[in-house]
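Each of the next two complexes has subunit A plus one other chain: subunit B in the first, subunit C in the second.
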Partner chain A sequence: MKACYIHSAVSISAQNTFETVFNLSESKPLTSRKANSNHPPYKTYIAPAALRRMATGVKMGVTTGKKALEKANITMPDAVLTGTGMGCIEDTETFLNTIIANEEAYLTPTSFIQSTHNTVGAQIALGLKCKAYNNTYVHGALSFESALLDAKLLINTDESQSVLVGGVDELGKEFIDYTILVEDQNNGVKVPFSEGASFFVLSSEKQEKAILLNSLKTYSNLTEQEIPKVLNAFLLENNYQTQDIDAVICGNNGSVSDSYYNQARAVFPITTSQLHYKHLFGEFFTASAIGLFLGVSILQNQHIPDALVLGDYSKNSLKTIVLYNQFNGRDHSFILLSI
Partner chain B sequence: MSNLKQELKENIIELLNLEEFSVEDINDNDALFGDGLGLDSIDALELMVMLDKDYGIKLTDPNEGKEIFQSIAVLADYIEKNRSK
Partner chain C sequence: MKKTDQNKALNTKIAITGMGIISAIGNSVPENLEALLASRSGITSISSLQTHHANSIKVGEVKLTNTQLIDILNIPKNSVFTRTALLGLYAAKHAVSSANITSVNAYKTGFISSTSVGGMDKTERHLKEFSSNRESQKYINSHHAGDSTQKIADALGITGFVTTISTACSSAANAIMLGARLIKAGILDRVIVGGVDPLSKFTINGFKTLMILSDSDCRPFDADRTGLNLGEAAAYLVLESQDIIDKEDKKVLAYLSGYGNANDAFHQTASSENGDGAFLAMQKALKMAQLDPDEINYINAHGTATANNDLSESVAIKRVFGNSVPDFSSTKAFTGHTLAAAGAIEAVYSVLALQENVVFPNLSFKTPIATTLLHPVTTVKRKDIQNVLSNSFGFGGNCSTLIFSK
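So, the complex of A and B:
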């Protein structure tokens, strides 16, 4: 089985993660209930004729995908894999609202065509003229992880030499307000809801600055009590013990289910730095892709931004990172990274 | 007629997200497809829906569309002669 390395990681998010060198020193706290991404000038990356039909998520996905390939010096990947929780919700809302407003007549094609969940993966492939394997995973908060697992298996089994994989979600305009309403009534997510796209190039080739994607495991359901056992077993399967882990990055979002993260964090000794990120990047179904972007960036730069530190922080050398994410006690994912 | 041409230019810019263009950039005789505004087949469908919805004109023959969508001037002339709204 071949090892799987992450050659590049690019993210558009609520913070300035796209154009600046990674440090988050100028990160801004999110003050509103909904936080839009910090958008780069898309005209630099996408032809105007294509850009005019693209909704926010497509612009973000195509741009991060393109830059991830450039950073990895790849012109044509062997596969394009995308994860998205809500797909192109902007155009879905437009299309459905048009049906209502026009009493099911006069339906225009653009918003319908662009409303499908696989629009981002398709637009990336169209831009590259890439006819390789192309798949989109839509599995709630495990959408990105499902795409990542597929990508990792393609590399591990030597079916692909380089894979472009990413997670993308856009805020939209209306449906998100109902989501917020439900969360607020159920003591749910407290951090702002947001959007973003993070793409990675995976390869079996070991390069300088490449990060090893050791392992990835997902669970639809786990109880809080099962977390320590599952986490310890995950590390042991990869010949690691808790004291070997330099940092653990959790997806705390302020909801009652943060108690799962407390269980996970308690597994690690005081020497393991404890980090979080959704207070700066918001919550959405593929926010964990930003978690992976941060994990990769921390290992590559050997630096933990102060804004990410949740509890104890003691390590100088950073070799191994664990990421844990879940949403409302469901869709759990564990990712192990190392250099 | 000039009001209709102005209205068509505004609607086309908004409907087709032609952010690069303003009404002043589109001459009455500019080609809408190809080298002019650079519209494509999806835009043609959008324009056909616009004709039906806004002016009560149903196009059934695709070849008819090729003639009508030549330019703003030709389109406005066709609408004036065939509109039911």
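So, the complex of A and C:
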């Protein structure tokens, strides 16, 4: 089995993660209930004619994908994999509202064409003229992890040498307000709902500064009590113990299900730094891709931004990081990274 | 693993031990087979949902209503099941019981579904009430594509690896492919794979704007074809590792011997003139199955009956098979085009073709396409069948091919 390395990580998010060197010292706290991405000037990356038709998610996905390939010096990947929880919700809303308003008459196909979940993956393939393996995962808070698992499998089994994989979700204009409306005021998500795109190039080639993606495991359903056992077993399978882990990055979003993260954090000694990020980046189905972007950046830069520290903070060298994410106590994912 | 062992592992055939299906031509595998052998199409006028296009389209509807499905599946009346989740659970339960699985967690078992519309059947009905009507609000969180998958997995008792794929009309083929790869890699021992899509106004109007819906029975591969009929359906297959087969001495229905996924990288919705994506997908699948083109006895084509697909697929088939194109047919004239579910529906039909040694007919065909001159099989044809190749292509250039073998 070939080892799987992360050669590049690029993210467009609610903070300025895209254009600056990794440094969250100027990160702004998010105060509104909804937070849009800090969008770069897309015309630098996408031709104007194509850009005009693209919804926010497609712009973010195509741009981060392109930059991730550039950073990894890859012109043509062997696979393009995308994860998206809500898909192209902007165009879905547009087409749906036109059907309703016009009572199924006078419709044009553009928004329907762009509404399919695989639009980002398709547009990346089309832009690159990439005829390789192409797949899109749409499983709520495991959408990105499913794509990442597929990408890792392609590398591990030597089916591909380099894979472009990412997670993308756009906020949209209407559906998100309904989501917020039914979110439990007391027990629900407290961080803003947000959007973003993060893409990565995975490769079987060991390079300087490349991060090893040791392992990734997902569970549809776990009880809070099972978390310590599952987490310990996950580490042991990879020949690690809790004291070997330099930082744990959790997807805390302020909801009652943060109790799962408490269970996970309690497994580690005080020498393991405890980090979170959704207070700066918001919550959405593929927000965990930002978690991976941060994990990779922390290992590459050997620096933990203060804004990410949640509990214990240790100045130990940074060699190994665990990420844990879940949503409402469902769709759990554990990722192990190392240098 | 040494390279040779690894290649061997990647080329292992994956056993299919169970199947479940619900479509316009039947609510079980035997009912579907009976309709296929009787050349009885399930295409009718639309009755399950209100649309202004009712008089200008024909569809493949599942005959059971949501209420009937809820009764059959014994689901509590107040639960939030979209039609997607209901059809999916119905077919997935059939698949699990046909594989004689009594304890689902006796092995590392996963569930991989696929859908293109997710909970759209409820969203399109309730969107404008979501802000005010409490009764409708329960369908807000069932909109996303993973919802039906999670509900089906929960009902089956699968708690580990669960995911959903959406690559438009090739979705279920990709779900089947991922399942096989996870078994080969030893990540899972057993996996239930397939897809589901109900009819919705969203897709009816979407395809209507693209002007590819036929107002009569669709005619795949015919020179005078007038577009597709949409259909609704769900189908799932149970894939199991050779270890389980050996240990439990299980009956194998057929094997998945090859698969390929490629992108046409030509246009967001249209297929290329030379059918590059389709050609590459078929080639990859043949290579993995270690089969020469002349060892394929039947092609279950994608054959949607749109002008673009059937020509592009014909060109790709001729590029792969040259002048000796095997017997082929599209079964879309029976079921309609069931979008994300199509790859799973046609996987079930491919396994039935192997089991029954039969090529299912391509209904409503009269005249071959002038430039390719391919004649599909138009009546039930009995012959020895060892290998079946099944195509599924989708928007976004997503092309997938599966090969099933005895």
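FYI, the second predicted complex is superposed on the first by the 335 of 339 C-alpha atoms of A that agree within 3 Å, B and C clash if a C-alpha of one lies under 4 Å from a C-alpha of the other, contacts with A are read in each partner's own complex, and residues count from 1 in each chain.
The rule we apply is simple: a contact is a pair of C-beta atoms (placed from the backbone, for glycine too) under 8 Å apart; a residue touches a chain by one contact, two chains touch by 3 or more.
Remember, predicted model here, so these are calculated numbers, not experimental data.
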Which of subunit B and subunit C A:Thr108 touches, first, second, both or neither: both
Partner chain in contact with A:Gly87 - subunit B first, subunit C second, else both or neither: second
First, second, both or neither for A:Ala49, with subunit B first and subunit C second: first
Touched partner set for A:Gln123, first subunit B, second subunit C, both or neither: second
Superposition-derived comparison: subunit B or subunit C, residues of subunit A touched: C
Subunit B versus subunit C as contact partner of A:Tyr313, first or second or both or neither: neither
Subunit C-contacting residues of subunit A that also contact subunit B: 105, 107-109, 113
Touching residues on subunit A, where the partner in the complex is subunit B: 48-49, 52-53, 102, 105-110, 113
List of subunit B residues in touch with subunit A within their complex: 15-20, 38, 42, 45-46, 49, 52-53
Subunit A residues touching subunit C - in the complex, by the definition given at the top: 1, 80, 85-87, 92, 95-97, 99-100, 103-105, 107-109, 112-119, 121-123, 125-126, 128-140, 142-143, 146, 150, 153, 156-159, 174-175, 177-179, 181-182, 218-222, 285, 330-331
Of all residues in subunit C, those that touch subunit A in their complex: 1, 3, 6, 9-10, 51-53, 111, 115-116, 118, 123-124, 127-128, 130-131, 137, 140-141, 143-147, 149-150, 153-154, 158-168, 174, 178, 181-182, 184-185, 187, 201-202, 205-206, 208-210, 261-269, 276-277, 280, 394-398
